[in-house]
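Here it is: the structure, laid out below.
Chain lettering (A, B, C and D) follows the sequence in which the chains are written, and residue indices restart at 1 in each chain.
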């Protein structure tokens, strides 16, 4: 099939409510600024800002928040025509973020019975998956049925239509019932994906283990479908492993940090963009890290997504050249 | 037992998130101001501001919002020592309020699996009920188990200890499973209460009928425990009925309306205050209506609660005298 | 309204599967004989056998067991026209009974998601309640929503139509969530009933206490609606208390015991029959005890229900006269 | 690891209650004979009777039925040391079977909240999977969490330890939420298995389609792990397909049919036995079909399982030779 879409993201599109008064505990804040949030929504917005053709598959509440999200993402350039409005009373998910200090930002999530977890397999369109180069899956959609089955179905369709599956682990403790349940589905989806991206902590969840041995992690997964695995270690940088045995080390860029959340999504958006542009893994690691450095210096995760020019300017500024 | 408390309220203490940008739909607002909310919490705060000795029975989430509510209500003078912090992952309930125009204010509520619905009968202390003159019950606490049973247990204790039961119907459509379920519990609790306060629409829910005949409504309930029934008709004013056959008509006061929500809670707080001060029903209707007029002219439902002086000033201003 | 029905029973109609091989543990039995079971179903069948005009309100599974129950009860003379066939996949409840020895009979109940617990208030017909002299309520129907609300609604209708409410506590530990929940609803329904019948153990559940003081139990309940309370003490006999202060002691009759279950239902059927015939409480206690003695000497609880002749023959045999 | 076990089966071990009075509808039967039931339990018992070393992984109710199952299977030679007794109140599953005529046998299943669906991943022992030649998975265990995750975890362990995965689809409509959900997990587990066995109807469920094209079915699955696929067409016989393109046609043997259920389990037990003995696919089809012909001529599914001698005698009788 003709690949007319660069990336289709499936999963959580929700509302972030970020404390307006920063550098204090949320008990002492008075007001919140709303933004679109949720890892795959942020990545979709990020990709659109980078000029990619992006579509979203998900479900939002039949209320003001759901309508806001759909409108915002459309305005940002994301094709929202496959997004379903819930008709069973499920609300849009929420994330309240406290920005206590540049290094401490606790969140409170409302994830019980939220709309994004109720997208069903029969609401995923085969032609959408078939016409996209990449299917981006994020881990929170696996936390509960039926969105779990919608993702598994989308992956099966992707395999049938030569659509590359990229798994951004995006672990959130909400709605999962046990560490074993997390591990079973993360392992399964990682084995079925072409690219897996996550923090070292997230790979620990996948393995239900504290061993944290990157070499073992990638050796095990390379027995299955993955060809490229990215393991992130925060400010220590990240490592990319390819099936043919290559290892690439990426550094983190300096940033004037406001808060740390949002870093992973902006990283993924730019990393995938660079790969899609035909750049090598080494360059992709730079684009990812630079994009992350920009988002952590801003108040939101979605609206903060940078353009190509901003990313490249930062790389040039800190590295001397692209 | 020695009645050292004027009123103990049981039920919902939650967070209100009111649109800061008013007179527009919530899809177009950008930020929210947080307040304590929930009918019995508002009434407790209102009563405390009127100088009453007030205690609260409820459950809040083990997170920033729960801690904020507890601190705010304590500071407002409400004894929060019986409030339980949830330890099963239930979050504090939320209400987002749109202030589209003075007469149109839609709300979105997050009520699925919220902490206030998980207060259990064994978490209600007999000595608290026994030492209070009034037990204030609000209808949302009946919407689900186990808070439903906690309220029924509290009412049984109130009967045993000569504590007057006041039922503020406070109907919210969330978490109820059917109109019949609403009717069964509202009917039951109304029959077990000494005073029942609600809007005409809420009495329709109680009767699961659109008949809306005040005379029939009170005739039926006076076969049971109630001695005083207040039926509110918005700007048309309200009617109070007593078991001995008296009917009192109360008018609404003029107000510079910002939004209509919060009116009922401020009405109840001042109405009960006036009765407790030994004033007659006719005066109580005035205090209730004046208090409501003040709250609808302000941005919140809880922080907006007036003092005795403010209420009496408004009555004098509009009626010429108290 | 014209009272054309002697008794309408609401609640559980289920399947009993009694071990055919008796006097051994169920692990060693090979086969089961099926019977209709469930306290209100047994009482309805018992009453019909005693010549009373009886109707049943309940819900059965849309399968062979449900059809068997409806057919069996109709053949026994119970009007089953108000019984609803479940259309949501709920199965008929089951009770497997082990008859290990005359004094030891363990049961296993299948009560999760069973049809009888899904009867809804809107499936209870006002005209049925209105046209009956007695509404018989049994406690298991209170164990879960929506059958809990159906019973509360039926009681409210009974009050409106001068239908006497008899509460057979019939405690079964299944599907209740806590001892407090049991106590709240048993207390409530006892307070709303005209007659309450139960074992001392069941009144302990009602009081959520091990105090077991009959005098206190009846004193508390006589503050409410009840006029007659029967507390059963197994082979030690039973006590009946009336609101005007009378106490009646009933003895147990000798029996060739096969198993003890079913005793309570046959007791209730005959006790209520005698009252309805205008006999005094003293005689009613005899009829109840004689009926119980007959059922414990037989294999089932429903098919074993005696006729008036059988009951009176046993009384004459053991007492010398009626 | 040393493969000391021939086959470990995971999933449903439940109770069958077969009508003793046959050739009539269940509404008219009076009694039931109990047997162990459930596809993987039957296959485990069948394999043990064929002299194989067999272990079972599952969960049973903490009641008479659960104890009966454990004892019966142990006596039949199945190692039950990994079977967990439920401690959360879940009951053993039940299947009531009507034997209306040789060709019509309806069943009623009690599958809500049953113990076998509550086996968790952390209750599956790695060393058990590692020490077995074969892991037998049956489809009903996929119908709900957490037994679904326990099976997925067991399959992942099997892959790590070179344990062959055989998937007996065994579709039962109970507890599944939608046809799409069935299809997602059947597809996934089929792709992860080495051998897949099912009826044509079951492969339709896997494909969520009525197309019923064996060639397409196997072509699709052979893109994944499976090496051998058996599609059964009832009395028309069955077809076995191997990854290298071979097709084998198996016929059904004549039988004096009492009822048709149990055929699939006995087929699987003998088919797997023959393969394990080093016989070719052609012979395995004969052993499976002969074993099925024996079980359909008997009253139960488990106790009816034949010995090697009985199977071979039937083949010789009908084919003239082995």
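Here is the rule we use: contacts are C-beta pairs under 8 Å (C-beta built on N, C-alpha and C of every residue); 3 or more make two chains touch, one makes a residue touch a chain.
The shown structure was predicted, so the numbers you read here are calculated from the model rather than taken from an experiment.
Separation of chain A from chain C in touch steps, taking the shortest path, is 2. Interface of chain A with chain D: the two copies contact each other largely through the same residue positions, with over half of all numbers used appearing on both sides. With centres computed as the average of Cα coordinates, no chain lies farther from chain B than D. Averaged C-alpha coordinates put the centre of chain B at 59 Å from the centre of chain D. Centre to centre, using the average C-alpha position, chain B and chain C are separated by 41 Å. If you average the Cα atoms of chain A and of chain B, the two centres end up 43 Å apart. Residue positions of chain B touching 2 or more other chains: none. Against chain A, in their complex, chain D makes its touches with residues 120-122, 145-146, 149, 152-153, 156, 177-178, 180-181, 183-185, 187-188.
Put simply, chain B touches chain A in their complex at residues 17, 20, 25-27, 29-34, 63-65, 67-68, 71, 91, 94, 96, 98, 106, 108, 110, 112-113.
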